[in-house]
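Chain naming follows the written order as A, B, C, D and E, and within any one chain the residues start at number 1.
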Amino acid sequence: MSLTEVSQSQQRRDLRLPLGVLLLLAALCAPFVASTYVVHALIIALIFMLPAHGLNLLVGYTGLLSLAQAAFFGIGAYASGLLAVTYGTPFYVNVAAAGLAAGAIALPLGIPALRLRSTSFVMCTLGFVIIGQAIAKNWISLTRGDMGLSSIPKPHFALGPLSFTVSGTTAFYYLALTVGILATLAVWMIVRSPAGRNMIAIRENETLAESVGIPTWRYKLIVFMLSAVFAGVGGSLYAHYLTVVSPLTFQMYYSTTMLIIVLGGGAGTISGVVFGSLLFVGLTEALRVTPELRMIAYGLCLLVLVFWFRKGFAPVINRLWDSIGSAK
Amino acid sequence: MTGLPILEISNLTKSYGAVKAVDDVSIHVERGEIAGLIGPNGSGKSTFFDCSTGLAKPDSGKVRLDGQDITGWTLNRIAREGRMLRSFQKTVVFKSLDVEENLIIAGQMFSFPWLFSTFGIGKLSRSRVSGLRERAQDLIRMAGLWDVRKQPAGNLSGGQQKLIQFASMLMPEPKLILLDEPMAGINPKIIERVVETILYANKSLGVSFLIIEHNIDVVTSICRRVIVLDQGRKLAEGLPQEIINDQRVREAYLGG
Amino acid sequence: VDETIRLGLVSPMSGPNARYGAFSLHGAELAVKEINDAGGIDGRKIEIFSADSQGTPVEGVSATRRLIDQDKVNYIIGDVSSSVTLAMQPVAEDAGVLLLNAASSNPKITYGAGVGGYKWTFRNYPTDENRALIVAKYAAEQRGFTKFAVLSVDSDYGRSAITFTKKYLPDFKGEIVSEDYYKEGEVDFRSVLAKIRDNGAQAIIMYGLADTTPIIARQMLELGLAGKVTLIGNGEFNTEKTIKSAPKVLEGAVEAAAWLPAFDSPESKAFVEKFTAAYNEAPNNHAYVHWDTVHLLAQAIKEAGSPDQAKVRDALSKIKYKSAVGEVTFDDHNQARLPMILLQIEDGKPSIKGAYAADIQYPAN
Amino acid sequence: MFSTILEQIINGIVTGSVYAIVAVGMTMIFGVLRAINFAHGEYYMLGTFGAWFAIDYLGLSYEASIVVGVLSTIVIAYVVGKFVMQRMVGAPPESGVLATLGIALVLQNTVILVFGGGYKFFSGGYIEPVSILGFSLAEQRVIILIVCLIVFIGLELMVTYTRMGKSMRAVSQNVECCEVVGIDVPQVVLRTFILGAALAALSGVLTAPVNVSVYGGMGELITFKTLPIIIMGGLGNVRGTFFAAMILGIAESLVATYVGLQFRDTVGFATLILMLMWRPHGLFSTQARF
Amino acid sequence: MADSNLSIKSLRAGYGSLDILNGVDLDVPAGQFVALMGPNGAGKSTLLKTLYGMTTIKDGSIDWRGKNIAGYKSRAILGEGISFVPQGRCNFPVMTVDENLQMAAYTLRDDKVKADRDYVYDLFPILKTRRSTLAGNMSGGEQQLLEVAMAVLQRPKVLLVDEPSVGLSPAAIGIVFDELLRLHAAGQTILLVEQNTKKAMEVAERAVILRLGRVTWDGLPGEISHDELGELFLTGKMRGETEAVH
């Protein structure tokens, strides 16, 4: 029995590996075949995928429904925007600083917030976004308020004598793709490890998890911070891509978009998040017919999602993937 | 065996409003012992467990585990560092995970005690996980759950879930296990197996037990010593035979 | 060969500013229709492509990209909201597409344009600085106000107008006694108005949204501020609808606008008529500026003699365009020298007090 | 000084009353469905639009427009309740978030599509100021205050004493057990939902004369104002919601006066977060054992 | 009386597409006290839930007084006079004991309700002392008593009880089973699921053993010894083990 199992899975891997390579190749070739506009949409999708990955760790794996992602996204965007504009620090410093800043701010926010359960926690996290926006608007000496920060430089790498500026859409696409793949790998490693299993245990039943020795409090806090780091990095890329940051970066709308990516893609699955960010960013672009009809369609999509794909699209993708794998 | 009790709880008190759920109770469990805790409904047994394991905060009293004062420790720390596990009266499982995963989770904090080591991948950690899996499968067979082992635990029958809980307690090698009504709703044949497993764990692995149970036959057959609570106070303590013949216990608990 | 001129319009078609988007699109469409009906520009027709910015920078950038990459537009007009325009600038710059702004007033847009950096951005709209200056000046000199309360919309427009007000007010011995900003959609101003009632302000400086003005006016009435405190600034004080909501409060209000339907010039009157005939409602300022900007662009293309973007750009910087409010030229920051129109409500009707242009003091870089 | 504070407190109570009537419906819906209704403000908007339509298109009086506004909202709520909310029974909270966000988008944009995105002018109502305790207040605000009191006394009685009220509480606690004792869960959900939506609509119609402008996006704002209230009030708790709404109304009013209007929208969530630090389960909730 | 009975024919039911009951046949004459036993996961609870309309029925019929009630909603079944005490917690945790008892009689609107409640309080004095405690704050056993009391208050014609003895002290089990006997004596039909086979065999008139979703033994309690019973549980083994072969 165990023998057949092994050979079966090998057979599967044989078929899925080339397909995976193919998909990767497709991703690499995208800028050469797709129009600049599609590439731009892909970049936005890749940028939103980062906070979504973080949110997935929080919602999908640890079971904490949070709307705070936009706050950390905004913190990341402002952190790198301010560094770049005022100190002219290089890109990779900004990205790292954005991630760290978001993670560090998540600590004092998470300590009180994580004591709350379910709905109170959701509302508290929503509060972070709203208060974040108020700070961005009113702490004018730091953030320049509504005027926002503009002319954030394009990512620039300098290694000794080598220097390179990521200026065009194509170049930025590769940058976003690289970061996206790295983040996906990082999430994959986390969730497959025993730590990932512990997170799932917390999602399923916190008290039970606690009783088998899982330090749930510390886990929740660390995952909360981790999700903020992902969001911060996303925010940093966003700032460098759009070259402007304004208080509108702190938007409940972004938080819900990220949540929809995760839930619609399939909470607790990595493929779901990847697919979700492509679909839901792609979808908003595709639906650009007339604005109201588009929003109505978007709303109806959400209802369809809730009624017919309660687990998001991930189960569908996985079934497809499996059927590809087991096809001869 | 040293004379030091593995668990020693002194003068524990807990009240909810006007209700004194536990009222100045002192209990100890000796190393290698299987002790029973019985009492009428609402006599404070589960509350006593909650207070000893960090789930509830006692109003006063001291809990010592293996000579160490663990009063005020959190539930997870008691489980992880103190190696004292407990089960719940109201059956709880990780609902959407299958039986095997349920057991692996129950065991892994001991194989991966440090938060960051749990992120470890690589050979050592893989072999640890497969060790856990083997152990889980043995326990699944014991509990007669083999065929449903890949089903989400939340979809199993009440009794089957209770068995998962019991099996989870044996996943790691704890020093002491507190069981809250492990036999409730379990069919008589499986009760025999559960009893055997408890005795085996006790003899061969040296795990001590404190068991709340209303199935008086089981209590008398496996416990060396039985403690009786009534209205939050300790009513009696002694050998099983003495206890069931005690007039006060008969009145308060056994009925007649 | 495709002979049509492809013109993109980025505006907030949905979201809280959707109303501005609708007016902008109508204005631009009307101009395009006029031009095409008259035979186009040297025979070339204009085709308009509208894209929704939702009033947010990221959507604005997406919209801009789509216009450039998919609709292959040569020119873009947009956006209303300054934050969005600021985000669109680098995108247009990268693509070498001419970005003509018709309605954003934040000075930063042209601080960074022309010799400031972005070669492809032009703005055919007066700035907040200009507006703030003339309102402050008029209020102080003509009306004799010295104590002001600020109540403006919490956006880059409302906030930057106040920033400049603060810059100029000391010149006129004016003093700000309280400063408040409201969110789009705010409906309850009683607390602030009560405070203003008690702090002795003579006028409320309001750079606000058209739709909020009636609410504030009504609540001023409720608190007994009518006739005691005057509204000054900008926020469609001059439309019939606003005045009707609380005539007693709006009497004497002072407003500086890029344009208003009551502006007395033949071109302006003709525009109001055509617009009203076409859309069954009176145009507002945003309809006008977009209508005007399309005509401006058409003239530039005509003068360039070809739709080539670089040539049109050069034509624009040299252009002398006769708009409905006066002649327009661009400075070296690609900022139009445009007058602001100052008006005061008298007997329930807007009465125009003059049109003032001011040279902008660019920050030294 | 003192009289200014008093005046602001009265202002706050009026604002609080508007919030309270909307929030109480939301909290009751949460009670039976365990889902935050992100679309709740949309019923406030629908009610207002209904009344505006009645006045502007049908030429009805303000009183009649109240009926039209509330009734038309009830019809829409019935449809939404039948097809969406009833199916949310027992669904995980995430589904509730997505579904109600979806409904909010659909309702809001349908209205914009039909009536346009611009602001409408609401012309009915009693806006003449009256003087109470020396403070000037529009008559309409006095009406709002009185209606709020009536609504809350009525609801409090209903929840504690009537079968409907008891079954609402029952549904909120254990759906399976409702089946066992014979409570018609879908019906209770539908009725609660319609009641909540109707109250939101009523609040909208009553507030329209003083808020003057009517527009498609107005519901979203009110949703955000009421979210912190229902949490502070202890989800599902009618009396708690009343006090929380008053606290928030007054706090907003004071902040708007003494700190700055721009901080007003932050007050709700800031108060909420502060309060949650102090009492993680809300001001008025009861918590059962694990 | 013979006309009013419960008759289950080749019933197939389960959860979604998963079948748990694979053709259950059972005839219960009016007024009979039946004990339903079997290994864990045999489908006992599923059978009771199916009778109460809480699962998906694929096939077969449930005749109750000449009417096929298969596919009825729970509420309709309650209306037909069938009550159910499910396994595990089933009360309103944030209502007091008294309110819970009131809710139990939700569908009854006569003046006997109050008298019934007093009767229940006399029966289980512990509930009386806890009458204003929130149900969710009581001990497991106390809640179990409450749930039995709630079913009693519904005055059903048929009572479906799933493991009422779980978590009860021997004394309390005595009281509960005495109450079941009293109800039975008053003419109620009772379907009792129990793992406490010893006790169940004492009180029931008839024993039915379920395994793998089928009735495998049906007879008088006296006809089978405890060892035989245990043997029956095991030879069938558990649902899992027989199927594990393939």
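Throughout what follows, a residue touches a chain if its C-beta (ideal position, glycine included) is under 8 Å from a C-beta of that chain, and two chains touch if they have at least 3 such contacts.
Computed from a prediction, not measured in an experiment: that's the story for all the values here.
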Going only through chains that touch each other, how many steps at minimum separate subunit A from subunit B?
1
Compared with subunit A, which chain's mean CA position is the farthest off?
E
Looking at CA centres, what chain is most distant from subunit D?
B
Calculate how many whole Å lie between the centre of subunit B and the centre of subunit C, each centre taken as the average of the chain's C-alpha atoms.
73
Using mean CA coordinates as chain centres, what's the subunit D-subunit E distance in Å?
43
Distance from subunit D to subunit C - Cα centre to Cα centre, in angstrom:
36
On a C-alpha centroid basis, what's the spacing between subunit A and subunit D, in Å?
33
So which stretches of subunit B touch two or more other chains?
55, 90
Send over the residues of subunit C in touch with two or more other chains.
14, 18, 154
Taking each residue of subunit A in turn, which ones touch at least two of the other chains?
137, 207, 291-292, 295
Can you list the subunit A residues touching subunit B in their complex?
189-190, 192-195, 197-198, 200-201, 204-205, 207-219, 222
Residue numbers on subunit D that touch subunit A, as the complex places them:
30, 36, 84, 87, 91-95, 97-99, 101-106, 108-110, 112-113, 117, 224, 227-228, 231, 235, 262-263, 265-266, 269-270, 272-273, 276-277, 280-282, 290
In their shared complex, at which residues does subunit D touch subunit E?
163, 166-167, 169-170, 173-174, 176-177, 179-184, 286, 288-289
Using the touch definition up top, name the residues of subunit A that touch subunit D in the complex.
59, 65, 112-113, 115-120, 122-124, 126-127, 130-131, 134, 137-138, 207, 252, 256, 259-260, 263-264, 267, 291-293, 295-296, 298-303, 305-307, 310
Could you pull out which subunit E residues touch subunit D in their complex?
52, 54, 74-75, 78-79, 83-86, 90-95, 99, 102-107, 134-137, 150, 154
